[in-house]
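Accompanying notes for the structure given below.
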Amino acid sequence: MNSKKMNVGMLGYAFMGKVHSNGYRQMPRFFFPPPAVPVLKCICGRKEEKVKMAMEMLGWEEYTTDWQDLVRRDDIDIFDNSGPNNIHKEPVIAAAEAGKHILCEKPLAMNEDDARDMATAVKKAGVKAMVGFNYRRVPAIMLARKLIEDGYIGKVYHYRATYLQDWIMDPEFPLVWRLKKDSAGSGPHGDLNAHILDLSLMLVGEISKVCGMTETFIKERPVVGASGDLGSAKADGSKMAPVTVEDAAIFMAKFKNGALGTFEATRFAKGRRNFNRIEINGSKGSIVFNLERMNELQFYSEEDPKFAQGFRTINVTEGGGVHPYTDKWWPAGHIIGYEHTFTHEIYELMRAISEDTDISPNFEDGVYNNRVLDKVLESVEKKTWISI
Amino acid sequence: MNSKKMNVGMLGYAFMGKVHSNGYRQMPRFFFPPPAVPVLKCICGRKEEKVKMAMEMLGWEEYTTDWQDLVRRDDIDIFDNSGPNNIHKEPVIAAAEAGKHILCEKPLAMNEDDARDMATAVKKAGVKAMVGFNYRRVPAIMLARKLIEDGYIGKVYHYRATYLQDWIMDPEFPLVWRLKKDSAGSGPHGDLNAHILDLSLMLVGEISKVCGMTETFIKERPVVGASGDLGSAKADGSKMAPVTVEDAAIFMAKFKNGALGTFEATRFAKGRRNFNRIEINGSKGSIVFNLERMNELQFYSEEDPKFAQGFRTINVTEGGGVHPYTDKWWPAGHIIGYEHTFTHEIYELMRAISEDTDISPNFEDGVYNNRVLDKVLESVEKKTWISI
Amino acid sequence: MNSKKMNVGMLGYAFMGKVHSNGYRQMPRFFFPPPAVPVLKCICGRKEEKVKMAMEMLGWEEYTTDWQDLVRRDDIDIFDNSGPNNIHKEPVIAAAEAGKHILCEKPLAMNEDDARDMATAVKKAGVKAMVGFNYRRVPAIMLARKLIEDGYIGKVYHYRATYLQDWIMDPEFPLVWRLKKDSAGSGPHGDLNAHILDLSLMLVGEISKVCGMTETFIKERPVVGASGDLGSAKADGSKMAPVTVEDAAIFMAKFKNGALGTFEATRFAKGRRNFNRIEINGSKGSIVFNLERMNELQFYSEEDPKFAQGFRTINVTEGGGVHPYTDKWWPAGHIIGYEHTFTHEIYELMRAISEDTDISPNFEDGVYNNRVLDKVLESVEKKTWISI
Amino acid sequence: MNSKKMNVGMLGYAFMGKVHSNGYRQMPRFFFPPPAVPVLKCICGRKEEKVKMAMEMLGWEEYTTDWQDLVRRDDIDIFDNSGPNNIHKEPVIAAAEAGKHILCEKPLAMNEDDARDMATAVKKAGVKAMVGFNYRRVPAIMLARKLIEDGYIGKVYHYRATYLQDWIMDPEFPLVWRLKKDSAGSGPHGDLNAHILDLSLMLVGEISKVCGMTETFIKERPVVGASGDLGSAKADGSKMAPVTVEDAAIFMAKFKNGALGTFEATRFAKGRRNFNRIEINGSKGSIVFNLERMNELQFYSEEDPKFAQGFRTINVTEGGGVHPYTDKWWPAGHIIGYEHTFTHEIYELMRAISEDTDISPNFEDGVYNNRVLDKVLESVEKKTWISI
C-alpha cells in the first residue's frame, strides 16, 4: 500500500482498547486504499503484565506504562485515549500540546469544565480531535440522518430514547470502577445517556432545557480487590462500600426546535443486554432504531400509498452506494457487527486528518454532551428544569 | 331496521356453529343498514340436550334434531351447514333442491365427486351458495389481493404457505372425529391445506400439477367415548385404535402462470397454535401474512426509494375506505379478532343474495379445492406428480 | 336463560356507546350462563335524530334525549355513562342517588374534586360503580398482573409506558370536542395517560411524586360546525380558533415502592395508530405489552436456563383456564379484538353486582387517577416535582 | 505469540477469498492464544493484476497465478480453496497428495463422484480436510444443536428451511459464472440448498429419500464480458445466451429418523437479501433461526409454565461460556457479523490440525451433501422420489 503511514499510541487495553485496536487493524483492509495506514505503534496501561499481553494479543509493536512519555514521543501521530473517564483530560491535553491528533473515548470528560479545557487545548494546538461516539457510524443511524436531512420525517415532534442494560442487577456484583463516582464520574448517565444524547444532537439538534431524576437501587456492594478492573473483579465478601453513582438516570428535554425528548439510561432492565432504542416522530414520518438489531432501521412514511403505510424494516446493508460503508464489507443481507462502527469511526478520523477536513463528532460536540449531562444532574438536585 | 329479514337454519352447534351464529347476530349491528337482517330461526344437531343448550346460548329461536325437516321448512331462506365434513353433501343437496340459499363450511365435501354433485345441485336449483373459506375475508388478505391485482407485486414467482398447529401432539390425545377418515375425510390436509389452497386460488390462480407427501406420526390413539365430540373427549385408556388420517401433509405445486408453490399443513408444530403463514414473491414486490397477527400485512415494494426498501408492517385497520370492512368496526389501530372474518363472510353472503350478484368463494371454487386436495393424495400414493 | 335480567340505561352513542352496546349484547352469549342478562333498555343522547338511529343500529329498546329522566326511571338497574368527560359528574351522581349501579367511562371526571364527589355519592348510595379502564381486562394484561403477583418479575425497578397515536397531526384536522378544554378537560393526558396510569396502579402500585411537561404543537385549528362530533366534523376554513388542550403530555414518576416510572401520551407520533406499549423491568424478569398486538405478552425470566434466556412472545389465547377469559371465545391461536375487553369489563361489572363482590377498577381508583393527572399538570405549571 | 505458525496458501480472491483472508487475520487476535498462528503466505488467482491487488488489500505476503505450483510448495501447510466450484477438485486432490491440510469452500464438488474422489484423496493422504459450511459456526446454530442434543426439542417431526435471495431478479442482470452450469454446477441448489442441507445433517440427521422441482424463470440473459467475475460484469446488450442453471430449487425429504423436511432455495424472492430461515419442530419444543438476524435464536419449550409458553428470542451473545465463541468477542448484546462465522471456522480448522482431532464438517459430510443434491436433481428429472 502506498498510503501514508500514521503511528498510533493508545492509552487503555480493556474493552475499548480491544475494539479500537481492531478498528486500526481492519480499516485499511476494507477501506482500501485507505486514506492513511494506521500503525499500531505503542499501547499504554498501568499494569505492565497486562499491557504487555494486550500488546501481543491486539497486535501492537510496543508497550509502555507511562502515558506522559507516550504522548510526547516524536514518532506518534495519533493519540487514542481508550482509558477510563477520569484519565481523559490530562493525557489528551498533553497530547494536543505535543501536536498529536486525538481520538478520545466518550464521554469526553468528567464534567463540562474539563471538557472545555480539552476542547480549548486541541483548538489551540490546531490538531484534529474526535470524541468516540461510535454509534454515529452505524449505517442505520447514518440512514436515519439522511432521512431526516432529506425531509422524509418532516418537522420533528418527538425524540424518545432508552438505553437499557442489566449487567449489574445482582446485588453481589462488585463495586467496580464504573460504579464509583471518582473514577467513572457517573453511572449509566455518562455511559449510556451520553450516547443517546449525542445521537439526539446529530439527529434533532440542540436542547434548550432539561429535567431529570436518578436512582441508585442497590446502595452498597462488595468491595473489589486491588486489580480493580471488571474482568478480574472478585468480591471480598467481608467488606461492603457505598455505590456512588446512579443505577438509572432519566430526563425530559425540550429541543430548541420545539421537539420533546425523553432519555432513559439504566442498568436495571432485566433481559436488556444492550438495548439502545431510539424513536423519532415527525410530521411526515417516523424512525425506530434498536442497537441489538443494528443492521436494521424501521421507517414509516406518509408518502406511501394510504393503504400501504406501515413501519418498514430496512436491512441497511445495500452496496453500490445505497447505504453508507456497507459496500466495504459484504453483499446485501450479510450483516456486520458491533466493532464495525469503530472501524468506520477510525476511517473517518484518518480521512479527516489526511484530507484536513472537519471532524464529526468533534470536541465541541463532546463539550456540549458533558454540558447537558451536567445540567441534568443539576436539575435532579434542584428538582426543577435547568436551561442549557 | 327496514331491511328485509331472512331466516337462517343451521346444522351444527360446535366451534363452527358458535362462530357462524355470532356472525349472524353481529353483522346487522356493524354493517348497518344491512343488506338483509338474518333471523336465527332454527339450529339443528343430533343430540337434543346439546342443541337445545346451543339454541339458548347462541341466540336461536328454535332447535331440531332432524336436518331433513330443517332444510325443507318453508320459513327457512338460508341453510347454513356448519357440521362435520361427512354431513355436508346430503343436507346441502336437499336444501338446494328445496330452494334454500346455502353457506357450507369448508372443505366443501369429502372428495371431488361429492363436491361436484353439490355444485351441480345448487346450479340446477339456481340458489346462491358460498363455501366457508372465511380467510378470504381477513382485511389483510383482501389488501394482499388488491396489491396483486393492482400490480404492486408484479409477476408472481413463489407462493409459500404453511399452516401449523400443535393441538394433537400429546400421544394421549384421544381419537376424536377429526382423526378418523370416515368422519373427517382427511387430517390437516382437508382442514388446513384446504385454507391455504383456497387463498392460493384467489391470490395466484390455478395449479397445473402437484406432488405431495403425508405422514402419521402417532399411529394409534386412545378411543373416545360415545359422545365423540372434542369438548367432552375422554380417553378410555383400556383401548387404542389406529389414527386413519395424516398428521401432516406437504405438497409442491406448479401454477398455471409459472409460479412455484409449497404447501404444508401439520398438527405437529410445537408452539404454533394457529400459524397460517403465507409469503408471495413477485417480480416487483413481496407479501407476508400470518394469521396469528391477522390485523397485519407485510409488504415489500421495489418502488420504494432504494435506500428505504424493506418489508413494512401494515396495520390493516384504516377506516375511510382505505382498508376493507374496517370502518365498520373501530378506529385505526383497534384490532379485530378471528370471528370478524365470519361476520364479513356472512355480510358478503347476504349482500349477494339481496343484490343477486356473484358469490365468492362459490361452489365451483369448492369443487376445485376438493379436486386439488384429491390429486395431492393421489400423488402421495403414486409417488409422482399428478396433473390437475 | 334463567339468569336474572338487568336493565341498562346508557348515556352516549358515539365510539364508546357503540362498544359498550356490543359488550352488553355479546357478554351473555359467551359468558354463558351469564351472572345476569343485560337488557339494552334505553339509550340517551342530545340529538334525537342520531340517538334514534343509534338505538336501532346498536339494538336498544328505547331512546331518550333527557338523561335526567333516564337516571331516575324505576326500570333501570344499571346506568352506563359513555358520554364525553364533561358530562360524567352530574348524571353519575344523580344515578347513584337514584340507586343505580354504574359504569362510567374514563377518566372518571374532569378533575380530582369532581371525581371525589362522584365517589362519595356512590359510596353513600351503596351502589356498585366501575370506571371504564377496559385495558385491565386485556388477557395479556391480566397475565402480566399474575406474573407480577406470583413473583416472576421480582421487585419492580422500572415502569415505562408510552401511548402513541397520530390522528390529529394534520393541521387541517378540525377543533373537535376532544381538543377543547371545556369539553375534554385535557388532551392525550386524560385520554391516554389515564389508561397507562391506571395500569401502573394495578401492576406496580401508587406513585409518590411526579414531574411533567406538555406541549401543543398546533396552536390553532379550523372551527367545527354545529354538529360538533368527530364523525361529521367539517372545517369551516374561514375561521380558526385556539386548541386549548395539549397535544402531548409526558411525565416522570417515583412509585412508593421505589420503582421509577415514565409516562408519555401523544397524538403526534406519525405511524402509531394505537400504540400503547408498556415495559416493566424487575429484579427477576421483565414484561412488554403493546396494544396493537394485544393478544401477545412478552416475558423474560431469569429462571430460564442461562443459555436460553430471552423475551418470549406468549400468545395469550390458551383455554382450559390457562389464560383469563380466553376459553369463552375461540381455540388457542384464534385471536380476539379490541371490543372484547369491554365485554370482559361488562362481565366483571355484572358479576360484581350479582354476587355483591368488590369491583375493579372502582371509583376510588378513578379518583386516584384524576388526582395524579391533576398533579402532573400542576408540576408542569410549577416546573417542579409535586407529591401525590 | 509462542503459538506455532502455519503457512496458508489460498486459491481465490473474490468474495470467499476476502472473507477467508479476514478469518486468518482475525482468528489469532480474538482466540488468544490461538491453537496456531496462520501466516497469509500466498494467494493465487488467474488474473495477475487482480490477485496482486488482492494480496496487498487482504494482507498476503506473496501471490501467484499458478495453483499447481502453490499446492506443492514446501512452505505451505494449509491449502485453502476459495475458488469457484469447478476448480475445487483438481487443486484439492493435488494439495492432499502434497500433504497439505485443506479448507475447501462448499459445495465440495460439482457432483457426488468428484466429491468422493476428493474425500478418498484426503483420506489416503491422512491430512485434515474441512468443507466450508460456515453456518455450522453461527453461535445461534450451535445453540440450536445443543438444544436438540440435550433433549429440549424432543423427537424431531419437522425441518423446514428456506434460503431466499433476490439478487438476479432483474432480467438485465448478466450471465455471470454462477448462472452457467459448466462453472457453477447448479444455481441456488448448490449454492443455497447446500447450506440448509448441511445444517439438516448436523441438526436432524441423514435423509432417506427426496423429491424436488426446479425452475428457471429467466431463460436468457445478456452475455458477460471477458472479465467474467461478478464485480465487473457488464452486459454486452447485443448478445443473449441461455441460463443453464435453475433460478429456484425446492425439495421434500423424509429423514431416516422419520422427520419430514422441506427445502427451498431461490434467487427470486423480492426483498429477501440473505434470508436463510430454518424452523425445527419437535415433540417437546421448536427452534427458529434466520440468518438476517443471525445473533438471535427463537426457542419454544413445553417445559415452560403453561401460562408462559411462547417463542423466546435468545440474544446469543452471552459470555462466560454460556454461548459458544461469544466471549472471544464483545460483552452480551454487542452483536457479531457475517464474517465472524468464518473466523470461528478457521479456529476450528487450526485447532483440529494442532490437536489432531476430528474435523467438522469433514469431506465425508461434503460427499453426503453432493450426493443428496444430485439425487434431488435426479428426482426432478424422473418426476418421482429417489432414495439416498
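Per-chain numbering from 1; labels A, B, C and D assigned in written order.
Just so it is clear, contacts are C-beta pairs under 8 Å (C-beta built on N, C-alpha and C of every residue); 3 or more make two chains touch, one makes a residue touch a chain.
Please read all numbers here as calculations on a predicted model, not as lab measurements.
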Graph separation of chain A and chain D (steps between touching chains): 1
Relative to chain D, chain with the most remote C-alpha centre: C
Inter-chain centre distance, chain B versus chain D - centres from mean C-alpha coordinates, in Å: 42
Inter-centroid spacing, chain D versus chain C (mean Cα positions, whole Å): 54
Overlap residues in chain D, where contacts from two or more other chains coincide: 272, 300, 309-311, 315
Chain D contact footprint on chain C (complex, rising order): 143, 146-147, 152, 296-297, 299-301, 304, 306-315, 318, 322-323
Residue numbers on chain D that touch chain B, as the complex places them: 154, 157-158, 160, 162, 164, 166, 169, 211-213, 215, 217, 248, 250, 252, 254, 258, 260, 262, 264, 266, 268-272, 279, 281-286, 300, 302, 309-311, 383-385
Contacting residues of chain D [partner chain A, same complex]: 1, 15, 19, 21-22, 25-26, 29, 32, 56-59, 165, 167, 272-275, 291-295, 315, 317, 329-340
